[in-house]
Amino acid sequence: MFLQGSWYLQKVSDNTYMLMKIRSIIYRGRTKYQYVEIVDFEDYGVGLVLDGFVQSTEADEYIYHESLVHPAMTLHRGPEDVLVIGGGEGATIREVLKHNTVKRCVMVDIDGELVELAKKYLGVMHKGSFYDPRVQLVIKDGLEYVRESKDKSFDVVILDLTDPYEPSGLARELYSEKFYRDIKRVLREDGVVISQVGNAFYYPREFDQAVSDMKRVFRYVITYEVWIPSFGYSVNYVLATDIIDPLKINSSEINDVLRHRGVTTRFFNGEIYESFINRKVIKKI
Amino acid sequence: MFLQGSWYLQKVSDNTYMLMKIRSIIYRGRTKYQYVEIVDFEDYGVGLVLDGFVQSTEADEYIYHESLVHPAMTLHRGPEDVLVIGGGEGATIREVLKHNTVKRCVMVDIDGELVELAKKYLGVMHKGSFYDPRVQLVIKDGLEYVRESKDKSFDVVILDLTDPYEPSGLARELYSEKFYRDIKRVLREDGVVISQVGNAFYYPREFDQAVSDMKRVFRYVITYEVWIPSFGYSVNYVLATDIIDPLKINSSEINDVLRHRGVTTRFFNGEIYESFINRKVIKKI
Amino acid sequence: MFLQGSWYLQKVSDNTYMLMKIRSIIYRGRTKYQYVEIVDFEDYGVGLVLDGFVQSTEADEYIYHESLVHPAMTLHRGPEDVLVIGGGEGATIREVLKHNTVKRCVMVDIDGELVELAKKYLGVMHKGSFYDPRVQLVIKDGLEYVRESKDKSFDVVILDLTDPYEPSGLARELYSEKFYRDIKRVLREDGVVISQVGNAFYYPREFDQAVSDMKRVFRYVITYEVWIPSFGYSVNYVLATDIIDPLKINSSEINDVLRHRGVTTRFFNGEIYESFINRKVIKKI
Amino acid sequence: MFLQGSWYLQKVSDNTYMLMKIRSIIYRGRTKYQYVEIVDFEDYGVGLVLDGFVQSTEADEYIYHESLVHPAMTLHRGPEDVLVIGGGEGATIREVLKHNTVKRCVMVDIDGELVELAKKYLGVMHKGSFYDPRVQLVIKDGLEYVRESKDKSFDVVILDLTDPYEPSGLARELYSEKFYRDIKRVLREDGVVISQVGNAFYYPREFDQAVSDMKRVFRYVITYEVWIPSFGYSVNYVLATDIIDPLKINSSEINDVLRHRGVTTRFFNGEIYESFINRKVIKKI
């Protein structure tokens, strides 16, 4: 009713912030790697906030996670081994597991304390996915995990990292040509890699860098974006692969794959896929 | 560099606000109808703000205005008479005039003082369009103008109004079945009407109302959305027509029309059109 | 470390607000009368907030409550019966009870739910005072309690109310000449009444009104002020009495009374008393 | 009327900020030394802001400047030569010049560009004092000026500096025992020095340091404070001298001096002086 009260101040850029009204603060604490807050927002429900940046909220995380996971998964003709790096709240693996082709889903997160907090407080997001027998949880630096992995051991690699421009720099090296080469090595020939890359409007340089790094390593690279209300911006994704040209795939092919694999979604489908590949990225000039 | 300084506080919803750093305040004053501010924002350049809501900024108004004007204009096979209601800063008529089929563009704005301010301060937006001989500027309530207009006098009607949920209620009656019926009367048979309808995520009720009102009056009604950074959300549009089904039009047809009419754009094209008609509206649940 | 995070937005005036960083939200809920929040602030520790206005915090409530209670109590030569209206967190009666002359301290608060919350969460403020045998807690409208009280039944009356200009208007009638006349009736001849009256700089009209109302009822009326950090302003008090001229009392007399009655304080003493009666009220011009 | 609009965000401490509604931004620019903003605030009128910290506003600068200048000036039995360091907006020298004993008032400010801006925009503050024949304006580092000054050349030294804890650190060395020793050298035997020292509640360490540094150099050191609304806190002052004990001076002596020297004030007088020396400093515990 009144503006007085508790607000979460989230940075969008140096010159744009969001104020989000708070219902309650469920948890606050520092892990070895980051500051974790679990906050119940009036507009977005329960949300996970890392180092001051909203990662996922009840109201819109399905948009973010479906858009991250399903384009890459459906572009592969039968993903059995999937590697997820990051994604501590467990919603990314939740989406991966919907594909009945999946035999093994390795989730590598550097922050074991965060995963424990997610298990405890964020059931609404992971929906028990941590306990699925196909999931193998590894608490480790993703960089290291990939370096030590065998050649051609994955069909899809999903990078669900904190933003490249976050002050903590926690994920910075995971946005680099060097790391993309390592990923290419562990991917099978028809493998697909997808990374969220934060916002291209406010951070065009970091976005362009990620895209050009991917292009030096993979044959086909596409980008797409979707507005996530609780982030205050459209989030951008970069998808890369060597065999199938993503621009040649149409909505009915995507819808067929989803149906055959028994994947049900709230947001993503073939039409959204077409809108993704047709939509220009909005960058500040 | 530092967070101290001048910020514009913009309401997104009752429980979400944006803080936008200010470079300077160019103009502030109250017209008979609304509070007008022309502000230079660090992230968005010069912007027009009405009653506390950003309407247009240098950084992203082209996205908003191209998305408002060109889908409706290209869906019509040869728009000669175009009616724009609202759009005080003159950027909507700027986009309309790009179509070389246009013979007459009537712009009706209730707020003559606002138009004078736009002429004086917002050349970067109207680009002199007010002085194009095809433009006829009428300072009048749009409701009244439409009521008094002759039957079948327009090919395209563009409603570029303040949001339906703004506290001032200035434009409220221009989002109603009654008004849409009046518009239908002044449209020729193959006419197209387009309205911006604010944000569907935070204001799903107002959005749904506008869509269902349109559906009671027109045969084909589609909605689409695009993220506008300085609004803090994806803006939604409702497009309606009786003859051509917008979902049957593809990207190359749109691109052909744009090319034949000599329309150059920064954002909109046939692919964006396809992404518009394929993208689901995001509403808060 | 970083500005991102949870902040409490407190209104100081229509054009000045405070942002206070939050450690945690201990309690939030609506009683029959007001919205109650118990918040742990980084700068001020645990605080009670009513309808969005900070009432008391660990860091500075002793300044507010000692300044409210002890001037009035020490000006009376032997207060035995004391009436406190408001003061739900129990810190005002805590200060009253320090005077060993007190035989009966009636605390009247309209909001019984608030008092229960204070008992549960704000022990750091009331320090068990609710359970002192001299205390008689009455859950009732203060206006009514005074109207129904016998003539000359109190030595000191302390009005610890929410501000006269708060939008809720909860306490508005308790700042009026009519109510002051009722208080005068229940006061003995040498009685003293003290009221907090909010801030005179931002709300000079409400302050002036309270002072002139008091002056129509009592012979001697003085005002004084003290800065309370968590309020964002200097709080003003109005003290009134008929027998002793407060301006004739000096620091050593005050110090003597405090010592004889066994009153220990953290802020108030005779010197502060002198600084109170010598300091001009700061009002916006 | 509505909360939307332009606000100045001022830091009070790491965990407390103020939002102050803006009417207009009169000037913004960077000098060699600091970021200068001249802003018209709804609640405080025109104000000077340096590096994001309000220095002076129309509504309350008289309180700040009278409290800075007159205690020191009246404690001296006949100040003829006065040194002001800082005070770029010219209000400090305005108060100094009210004492008809003054023959020479040297104002030393490091920032010549700031002084030019003050001359141009802040006539309401300096009231032409820069052009008084007794004023000698020196653009120089105060540290250097004092080092190069002759022994015993001033009766009163007034340090009107930016806060000791400001991130820029512009004035840091001017709060130090070393500098106080230099000042002592240029003061005559009965000289008085006064420094504003920012806020003791939020920055107790910096305050305590300034006081203890002064105490190592001067015999009598007193502190006092007064709430300045546009600062969001009570500002503290440290006054030091070797001959007269400030605690022995009473209100009527102060009033006599002011009257004899033809000094008229809006806030300060003998009673305020007594309230200053009797009021305890409020520090966060």
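So that you can tell them apart, the chains are marked A, B, C and D in the order they are listed, and the count of residues begins at 1 in each.
The rule is short, and it goes like this: contacts are C-beta pairs under 8 Å (C-beta built on N, C-alpha and C of every residue); 3 or more make two chains touch, one makes a residue touch a chain.
It should be emphasised that the depicted structure is a prediction, and the values quoted were computed from it without experimental measurement.
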Legend entry - Averaged-CA centre spacing for the pair subunit B and subunit A, given as whole angstrom: 33
Legend entry - Rounded Å distance, subunit A centre to subunit C centre (Cα mean): 53
Inset, instruction - Averaging only over C-alpha atoms, locate the centres of subunit B and subunit C and give their separation in whole Å. - result: 54
Inset, instruction - Note the residues in subunit A that touch 2 or more other chains, in rising order. - result: 3, 7, 9
Inset, instruction - If you connect every pair of chains that touch, what shape comes out? Choose line, ring, star, complete or other. - result: ring
Inset, instruction - Any two chains that touch count here, so list every such pair. - result: A-B, A-C, B-D, C-D
Legend entry - subunit D residues touching subunit B - in the complex, by the definition given at the top: 2-11, 22-25, 28, 37, 39, 51-53, 167
Legend entry - Touch list for subunit C against partner subunit D, complex: 7, 9, 12-21, 41-43, 59-60, 63, 201-202, 225, 227, 229, 232-234, 251, 267, 271-272, 274-276, 278-280, 282, 284-285
